[in-house]
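There are two complexes below, and they share chain A, which is joined by chain B in the first and by chain C in the second.
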Partner chain A sequence: MPTRKPSDVIVVGAGVVGAACAYYAAQAGLSVTVVDRGSVAGGTTGAGEGNLLVSDKEPGPELELALLANTLWRELADVLPPHVEYEAKGGLVVASGESGMRALRDFAARQEKAGVTTQEVPGDRLHDLEPHLAPGLAGGFLYPQDSQVMPAHAAAQLLHAAGDRVRLRLGEEVTGILTGAAGEIRGVRTAAGELHAPYVVNAAGTWGGALAELAGVHLPVLPRRGFVLVTEPLPRVVRHKVYAADYVADVASGSAALQTSAVVEGTPAGPVLIGASRERVGFDRTLSIEVLRRLAAGATGLFPVLGTVRAMRTYPGFRPYLPDHLPAIGPDPRVHGLLHACGHEGAGIGLAPVTGQIIARCLTSGELPLDIDPFRPDRFTAPEPAPAPGSDPAP
Partner chain B sequence: MARTPADLVGAQPDPPFEITFDGRSVTALPGQTVAAALWGAGILAWRTTREGGRPRGAFCGIGQCYDCLATVNGEPNRRACLVPARPGDAITTQEGHGHDRLAV
Partner chain C sequence: MTASPSEPYDLVVVGAGSAGLAGAVTAAELGLSVALLDSTTQSGGQFYRHPAPALGAVRPEALHHDWSAFSDLRRRLAASTVTHLTGHHVWSVVRESGESGAAAGETGETWAVHAITGADGTEEQPVRITARALLLATGAYERQLPFPGWTLPGVVGAGGAQAMLKSGLVLPGRRIVVAGSGPLLLAVASSLAAAGARVPAVVEAAGYLRYARSPRALVTNPAKAAEALVHGAALLRHRVRVLPGSAVTEVHGTDRVEAVTVSRLDGDWTPVPGTGRRIACDALAVGHGLVPQIELATAVGCATRALPDGTLGLALDDLQETSVAGLWAAGETGGVGGAELARTEGELAGRAIAARLRGRRADPDPGRGVGPGRVGELRRRRDRMRAFADVMSAAHAPGPGWPAWLEDETDVCRCEEVTAGRVREAVTELGARDARTVKLLTRAGMGWCQGRMCGTAVACLAARGGTPEPPAERRPFAVPVPLATLAALDERATEQNL
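Up next is the complex of A and B:
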């Protein structure tokens, strides 16, 4: 078996989180091998809308991450080429009635205390911001910090900008984790051979649970499916990321049933992206007409003009969901040398830079930008193993 | 005189009719697509690209490549190679996405 020059760290996953881990680790002087069974941005990253949001997050550890990431994305926008399509466009959350407006006001007040910039927009000023919005909405809140990138380009350009310290191995599936006598990480086994490094970062996104299992640890990452509906290319008809107030409740929900809320945004390339649906149906990629019907109805409800244009295509993606809606970031105390950077649910594009920065600081014993205890990877209790067939049931 | 495809197959189409391209009269035969009628009149481009404004017309001719988009009777993004020409159709050159009026 060919031996290859070992790296300082192996990152499993070439989505935006893996790319950010590689970028910040390389910036810190480490040599990195990024390995992915598919292509760059071939999983959830490529199926995302590229939202960098603070508006949808309650005060707490995830919002702290999002605020740090917001600053890092602004720095990255100066480093990465323009075709990552970074746009600090701002988010606009709208409410249809007064009760919804009161809920938004309360939510925004709590976010303000946590460092989020918000601005109340009365119903009669909404059309100054979004001329095509439906009439009769009660009002909304503007979140100037909300931004957007083109996620697949962002992942690819992060890897490119990481430079010579990063080696990329695509189309190579990790089939095992190599450990030493004391159980410490020595690298990974792939279909093509062995790759050696004293650290392995699990950036396998929705498939991070399976990678954790290869390392013998429990990390219950589950897929939460969402569809994006894509219109034909249009001029700028939607200026901000615009979404209905019930989106925040859907994001925070743990329900397995189908939830949809209207989320609409334009892109520099022209198409308008329409979301958002959430349902827990495993890795089922079957097209759901019911979801598309609800997405289209929600979008045309907010922007009637979209009823006059065509939807060109749709695609599903699988958000990597952990039961408490927080990602797993940092060293795994159960396996020396194993770190996790996965489970970001629908916020992975936004949270990628801060995740990469934390991982790089963990690898270099640097100062962490925040307390990462809420994200510790061993916080979930493994289910009791099922009794072996034929064994006695518990007394 | 050059033989036309209609001669080669011995076609006996119904009488021709008029459509317009950017206001100019073009003769079409029943059953022809908009793209075929325009080609028959020597017109090869009826759209400009979104980036750079370069000319585009029929490429694949079978509805797959979306290069031949035209504005037909005010509706943009019709595939000229699939849309049958109808008497009086007004074809106009589509600039970019064809939705400029929606811009805000």
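Up next is the complex of A and C:
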């Protein structure tokens, strides 16, 4: 079997998280091989809306990650070409009634203490920010740090900007993990041969659990399906990322049942993107009429002007979901040389740079930007017997 | 026939062309309740497209081959119990578990067909129609390959030119070059010439010799040979030159078409340098065969098969059923083969569906004179014509060299104005390996046509000269749908507002 010149590290997965890992590792002087069975951004990255959000996160480890990532994205926006469509447009969370508004106020106060900038917007000022918003809403909160990028370009341009230290091997599926006598990582086997490196980073997103299994470790990444509804191109009708207050509760929920909340945003290219649905149904790509109905009803509820606008397409994506809603980031104590960077659920685009930075620092024994203990990859005990892929453990 | 709003039809047929008409009347004559939906106001599909009555055409059949077969189907439709729903744009079909219990098919499931109504989809009313079985006969659309100048006014689709002629009796120009590849070109050229246009040349990229590699399919399909002779004779009569192994590699003109450059191609369809010559014309009718329109089926997971010309058709069993039980298809959806094949498959599907819903095999009801002989005969005819269709499809498959006639500035995706250069950059610089990633990185295929126009070209460029992956044909909306329509989907008032 042919062997090739070894690299310092192999990153499995050419989505945005793998691209960020490769970018920061290359910046740190390492040689990197990125392997993916498909294209750049061929999985969940290509199906994402490109949200870089702090607004939907409760105070805690994920919010800390998001705040660090927010700063890194601002830096990257200066380095990467304009194709990544970075926009610090701000998020606007709206409540229809007074009780919703009180809940938002409490949530925002706790976020403020954790370093999030928030700004209360009374009902009669909402239209200054979003002229087409439905009348009669109780008010909302503006989160100026919320931003957006075009996710496929974010991944492609990060890899491109990483330069010659990164080699891309696309269309090559990893079929095995190579280990040495002491169980330490030696590389990966693909359909095309062996690739050698002392470190392997699992950035396989929703398929990260399967890659962990190849390395003999348990990491229960499950798919949580979401549909995005895309409209015909419009002039700027929606200026911020606008969503209804119940979105935060849905994000934090572990339920397998279908949840939808209205999330509406414009894009520089013109189409309006409408989300967000969450349900755990395995990797089923079948169109769900009920999801479409709820997404459309939510969007037209917030922006009645969208009623006559046509939906051009819709597609599902599969968020890589771990049971406690936190990603797995960092070295795996069970296999020397294996690192994980997956399980970011719906926040992978946003959290990609900080994840890449942590991985690069782990590889070069650099100083970590925060305590990564909450993201320990070995924090889940393997159930017995192991659940079938896509199956649903206890609620 | 049928139908209280809550009771499903036995069968909904989508598409009232040759296949759909044949399927609908056959099933209705066998006793099923049938609804036949089509987006246009008339039956006949693309092949039997004809002028609206208001135009007062005296002999619409003059432009048609085999008109009697259509008038027979039309007569049977008029005499049948089929509910013919015109102006219905079907955007999605969904399998539902049968809430209505006994009314549902033997699988306990029904299909819901979601459509919006209105002659051109402007006065949209959402409609939901349920059925125990579905027959998709949605036909095909024309395949285009881009070339410098193809977006100039005066360049029209070859099929589009014929449709304009058949429905409106209008010509796209006075001096029209017909170009591209496929058997449609000869038919289009002879129609245009018969209607009074000058056709200085038919430019066919393939060499007709490729048909000779499959003599058996030719000998067993004498009707196809006769059809070609008829067109050939018409072209001779109108002094139309046919230039095989050639392509229009550039269109000239400032505001509209003034001339085209025709170049010789080698066996890979790469233009041979120095062979270009100009032909003056005021219109160009161009097309590279037809692409099965199968998104309603692929959205519910029907398996596909790669056709010899690089397109995807539905994978069908011997009795026209897709890989999804309860969903049948006929005509071009299984691979482009023409009106006679479509009729045959439609009838076969109609018989198979009737048998299934009555809990029988597609066996014969001797009392009605529908012997095994009829199903057997239909299957034999279908197999023979399918074999010929596959030969035709292989003969006109685009050669790997065609992208050589693209300049970097040539628009590939017209809707989003994405050039060949940007597509090539996404492939060579940014790690795109398939049409989907090219789309994500360039927006090629994200516009109004949703990649129907540029899909082939993008897939070829993404494959970098290798065999392109056929486009996945995943377009959950077969037509764009207003958000208010989607938002109102649960209101029962939308159900079958007949």
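We take it that the second predicted complex is superposed on the first by the 384 of 395 C-alpha atoms of A that agree within 3 Å, B and C clash if a C-alpha of one lies under 4 Å from a C-alpha of the other, contacts with A are read in each partner's own complex, and residues count from 1 in each chain.
In this text, contacts are C-beta pairs under 8 Å (C-beta built on N, C-alpha and C of every residue); 3 or more make two chains touch, one makes a residue touch a chain.
All values derive from a computational prediction rather than experimental measurement.
**Q** Determine, under the contact definition given at the top, whether A:P235 touches first (chain B), second (chain C), both, or neither.
**A** It touches chain B, and chain C stays clear.
**Q** So, A:L178: does it touch chain B (first), chain C (second), both, or neither?
**A** Neither chain B nor chain C is touched by A:L178.
**Q** In the overlay, answer first, second, both or neither for which of chain B and chain C A:V309 touches.
**A** After superposition on chain A, A:V309 lies in contact with both partners, chain B and chain C.
**Q** Applying the document's definition of touch, where does A:V281 land relative to chain B and chain C: first, second, both, or neither?
**A** neither
**Q** Quick one: is A:H132 in contact with chain B, with chain C, with both, or with neither? Answer first, second, both or neither.
**A** So A:H132 only meets chain B here.
**Q** Counting residues of chain A touched by each partner, does chain B or chain C come out ahead?
**A** If we count touched residues of chain A for both partners, the winner is C.
**Q** May I ask you to decide whether A:A103 touches chain B, chain C, both, or neither, giving the answer as first, second, both or neither?
**A** neither
**Q** List the residues of chain A that touch chain B in one complex and chain C in the other.
**A** Comparing the two interfaces on chain A, one with chain B and one with chain C, the shared residues are 232-233, 308-310.
**Q** List the residues on chain A that touch chain C in their complex, please.
**A** 14, 38-42, 46, 152-153, 156-157, 159-160, 168, 170-171, 229, 231-233, 269, 271, 274, 285-287, 289, 292-293, 295-297, 299-300, 306-315
**Q** In the complex, go through chain B and note every residue touching chain A.
**A** On the chain B side, the touching residues are 50, 77, 97, 99-100, 102-104.
**Q** Note which residues of chain C are touching chain A in the complex, please.
**A** For this pair, the touching residues of chain C are 92, 94, 112, 114, 299-301, 426, 429-434, 436-437, 440-441, 443, 446-448, 450, 474-477, 480-487, 489-490.
**Q** Using the touch definition from the top, list the residues of chain A that touch chain B in their complex.
**A** Going through chain A, the ones touching chain B are 130-132, 232-237, 239, 270, 305, 308-310.
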